[in-house]
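What follows is a pair of complexes built around chain A, which joins chain B in one and chain C in the other.
Right, the complex of A and B next:
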């Protein structure tokens, strides 16, 4: 491992590299979840969407790489991941809006269904090597291979970074953003404005699932860049907690994703300098971090600032 | 018209419409799931009728198949209680897998520490108690965070799953690792005298009885005691419960403890009857399948027994689907997902179907 040559500097460098790589899926899933929750429904099933996206992206990239070449094949994969996400989102959006159906329960069912479908369809893709997305080599100025590999940044990550402020602007300054916020805060008021709650929520959930599917593509086509059944390990669910931490603000989702990506990189970074005694405990860092953050930010007395008013209510 | 309807209530179907609806809708949901999954199998290139034939044969076709099914059903009954009991109080707990792992871990630690110093039955009871307390406290943590800090219990209990698994991996890779066992990082093996034996004349371990007894106790507790009544009241309307002076906080903690202790006991059964030591194989989705069992049985502990046996059968048939129909092992997971979605949809049909509808009073 080239990082060893850097000695202890390998740890912060490893965490930086891990942040750049590992935060992309968090970013896309949390932006998707943010969009969904703004309309007043929770989608816990994004864990399944993430897996389905990762599988579709990898599978399509592998199957089309001979036909369209190794540059465009992964982009087709990214698109396929988005569409796979939208398909699952449609099921969730329709079912979660039926009377007397709890959106949290639908989410749990969608985790089981989505991950089952991803493992089922993805079985043939576990072995073969699919074309990966290209990366920007921001580390080319350095002669150190560790720095070079750390600063390989995916265009998907940059896209996510760009989408966050755009979504912020979308919610604040556009008619459609207002519709979504109205439906999420007060369905009755939205109804009085002549907005169809069902349609707006449906579109928000489907669009959110599109983002989550692309988050899956980040996993399988960028980092770690393989398709296995253990690829997501709860990132889709952590994103739900992340949105709470980010107070339903897309821009804060960006900072929170970077924090979570960094927390995830702690274990591997220490392992790369030869400390692996607590490898598994360090790997639990993102989960513990999420829990601690939720304990700090939540309160039993009042609803959270920024929380959509109709979130978690049956209306 | 009014006269015709006044005569209708004497009709037996009308009088029994509520219980009939409660049985017919889940059954119809199951049937719908079977049809959809059949279509899915056909799409995947397998003959659906042959697939269902194999599932039936592998799950309930013979005594040997029944034994396989019941071995899998016993942890499912217990992990399902981990979701079903808090659900009666309006909490959605999905930390079943984590509580199972903590229970298994505590049981192995107790079993290895006590060894053969004490008579085996006493050590077994100690192992079971350790598992119950560990699993119970694990879920109580989620309940306490909910009550005192307002943290969403679904997300926190799910995060606790990953933390429990990481803790177990850390212990079996490090401090608890048995260096002589090279196949995969594991703890040392439990002394054979500490293992849970089998029911006479079968391969089914006594864990099945633990599961049955736990479900019956849970049913009596929820449906027939003041404690259960208080919990159901708080689940129905938490503000009304507070005004009535019910100790909502204590109820939350107690119900979470009971649910977690059931899943912890499932962990103890798995290590003391099936695995004999603790390693990553303990994480085998019994927790997540337990969530499905709880929702399909509509959080009724007696229905849980039946649904757990049904799902145990489906799990037991996973291997045969792979061998004789060339379907991946995830097929069972897809089936579970379809069943779950159909059952949730059937929930929205209560009171909406014309046959079960209340007739006008006049």
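Right, the complex of A and C next:
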């Protein structure tokens, strides 16, 4: 089939495709961080968790593809990424809750630890090719290869999209969600209710890190689908910032992630249709977007709506 | 717990512990600083006596991992060949060293701890200020830098530069791309608009235009040497625009090659052989060939030759003829016609009969960049200052 040029249509299509391809890591990390922060602790270490997840997913998929076949191997990788994330989360959850220990400082240490460990263990996996996750071909109706390629959607992305409303419901309508919100808003009251703040926070951090690990698997097993040391380029940290302007609401995390995923594609899409001025500016679009949104939404008159009460306090 | 100090240590114990640690640290640091000196002198003396040496430690520093299918892998393969081909050469390597003061520390420890007397810090950004500072501090150690930054006279005597005219190989790859492309649109994913990158873009385009004068090359700059997500996005948006052959100049071409293969378009490689990544679409590629140059430098080290004595030239340059670069084997999609044309161009380049930058060449903003009636040969210094994209390249270097 002859490839036909899309011309100007390439820009919206490119941004749409970039959104579908690139927002999954943001989505998983921000949902994980949302869960963690709702319980009153911050986990900045998710950047390290993301890298560790990407490395373990790629490594496990590569090592098992001969034994279980190229369909199941990446799924084992996704599981491994989740478990790698949980391991790092356990360390963070235990350390950050010790007396006189600051969770932000532990988080920074965990970024360095997680990324260092991932680089160290990931050396042998840079070169080989691992089996990739399958994709749903939602573009099969179109005869245009560009549309077909843009609508290849990863099952992980769909899972992330499904998890966001479920998590929203979980916080609002379930007993466990209430526990997490109570611990995050007022640990004293939660303690009086007979809830163990340590256990609830530990579980929230571990579960959040599980999501972040899966976010890493999206990077290495779906898009861009390689393991290199520069694979995350700060996406873990951006996702943490994203939770703040999503106002700690899982559904808004979803919209924010889509926005960031799409913003990544702006620079290349514009250059490919010949808008070649200011490409440094367009390439920096996600970061500029963060700043703009922060400036618009912040106000000296009030504190951030939705911020868990105990967040950043030593309680 | 009312009066217990934290962790159960009294202030006295803490102070005593700190003092002991400081004393231990000072003693080991000083003794480590002293020991190599007596060893070094007899070595230096024997070097002067015999001319040849029994063992030379050579340090290699890479900016990324050693097996990235890219720039660093090409250098690491050359380093391994140097150690294998020259007896007496011992190599020490460090990978993933950023272009910050970290590289200065790596060089220092290679010199002071491993006893390296020749260093190859291979990344472009290591040169200024890190190599220059260390070269002034250790005048007896030789520093070799891959890139065109060395200037005779202004930089220390123990610094040398080596680089290949890989745009010759890009030109040949451009010919193959020109024959293979059906849409007449080629794509180039580039990191930053620096002269080496622009030379590759222009040579690739000139090669393709020698087949079909109407062919265009779309350039997308990602802004960084390693941005896997943007490189993949760039390749995808080029495929959306009907571009059917892509190539790149980034640290690791792996993402671009794999994405091109997924999109069912063709690609030509860079740095190292990426044929295994794109078995269907890989046409050929411009590869570095550091094996021969590193081996010959290693032999010269063993003979006791140095940059400082002037036995080794400070500027080493070469193209296909001098084996600084080579081309990957042709992929299955390359037609016989393309192979013949590419081989012919390669022969001419090796013989020195083909001038890539001929007189009257225009930039894509309409300026004449090579004066009429003049051709720039590969070793022309003007080419190392390149700051334009030629006619036929769609793109802009002003960010």
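Simple rule for what comes next: the second predicted complex is superposed on the first by the 300 of 315 C-alpha atoms of A that agree within 3 Å, B and C clash if a C-alpha of one lies under 4 Å from a C-alpha of the other, contacts with A are read in each partner's own complex, and residues count from 1 in each chain.
Keep this in mind: a residue touches a chain if its C-beta (ideal position, glycine included) is under 8 Å from a C-beta of that chain, and two chains touch if they have at least 3 such contacts.
Keep in mind that this is a model prediction, so the values were computed, not measured.
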Practice prompt. Examine A:255 and indicate which partner it touches, taking first as chain B and second as chain C; both and neither are also allowed.
Written response: neither
Worksheet item: So, does A:170 touch the first partner chain B, the second partner chain C, both, or neither?
Response: neither
Practice prompt. Examine A:145 and indicate which partner it touches, taking first as chain B and second as chain C; both and neither are also allowed.
Written response: second
Discussion item. Quick check for you: in the superposed arrangement, does A:272 touch first (chain B), second (chain C), both or neither?
Written reply: second
Worksheet entry | Partner chain in contact with A:123 - chain B first, chain C second, else both or neither | both
Practice prompt. Once the structures are superposed on A, label A:241 by its partner contacts, choosing first (chain B), second (chain C), both or neither.
Written response: first
Practice prompt. With the two complexes superposed on chain A, say which partner A:95 touches: chain B (first), chain C (second), both, or neither.
Written response: first
Worksheet item: So, does A:287 touch the first partner chain B, the second partner chain C, both, or neither?
Response: first
Worksheet item: In the superposed arrangement, which partner chain does A:83 touch: chain B (first), chain C (second), both, or neither?
Response: neither
Response to the item:
Contacts of chain A common to chain B and chain C in the A-superposed view 119, 123, 229, 233, 277-281, 283
Worksheet entry | Complex contact set, residues of chain B against chain A | 44, 92, 94, 145, 147-152, 154-156, 158-163, 166-167, 169-170, 173-174, 288, 291-292, 295, 327-338, 340-341, 344-345, 347-348, 350, 352
Worksheet item: Which chain C residues qualify as touching chain A in the complex?
Response: 64-65, 67-69, 73, 96, 182-183, 185, 187, 218-223, 226-234, 236-244, 252, 254-255, 258-259, 262-265, 276-277, 394-396, 398-399
Worksheet item: Along chain A, where are the residues that touch chain B in the complex?
Response: 44, 91, 95, 98-102, 104-106, 108-110, 112-120, 123, 229, 233-234, 237-238, 240-241, 244, 277-281, 283-284, 287-288, 290-291, 294-295, 298-301
Discussion item. Looking at the complex, which residues from chain A come into contact with chain C?
Written reply: 2-7, 10, 13-14, 17-18, 21-22, 119, 123, 126-127, 129, 145-146, 149-150, 223-226, 228-231, 233, 264-265, 267-269, 271-274, 276-281, 283
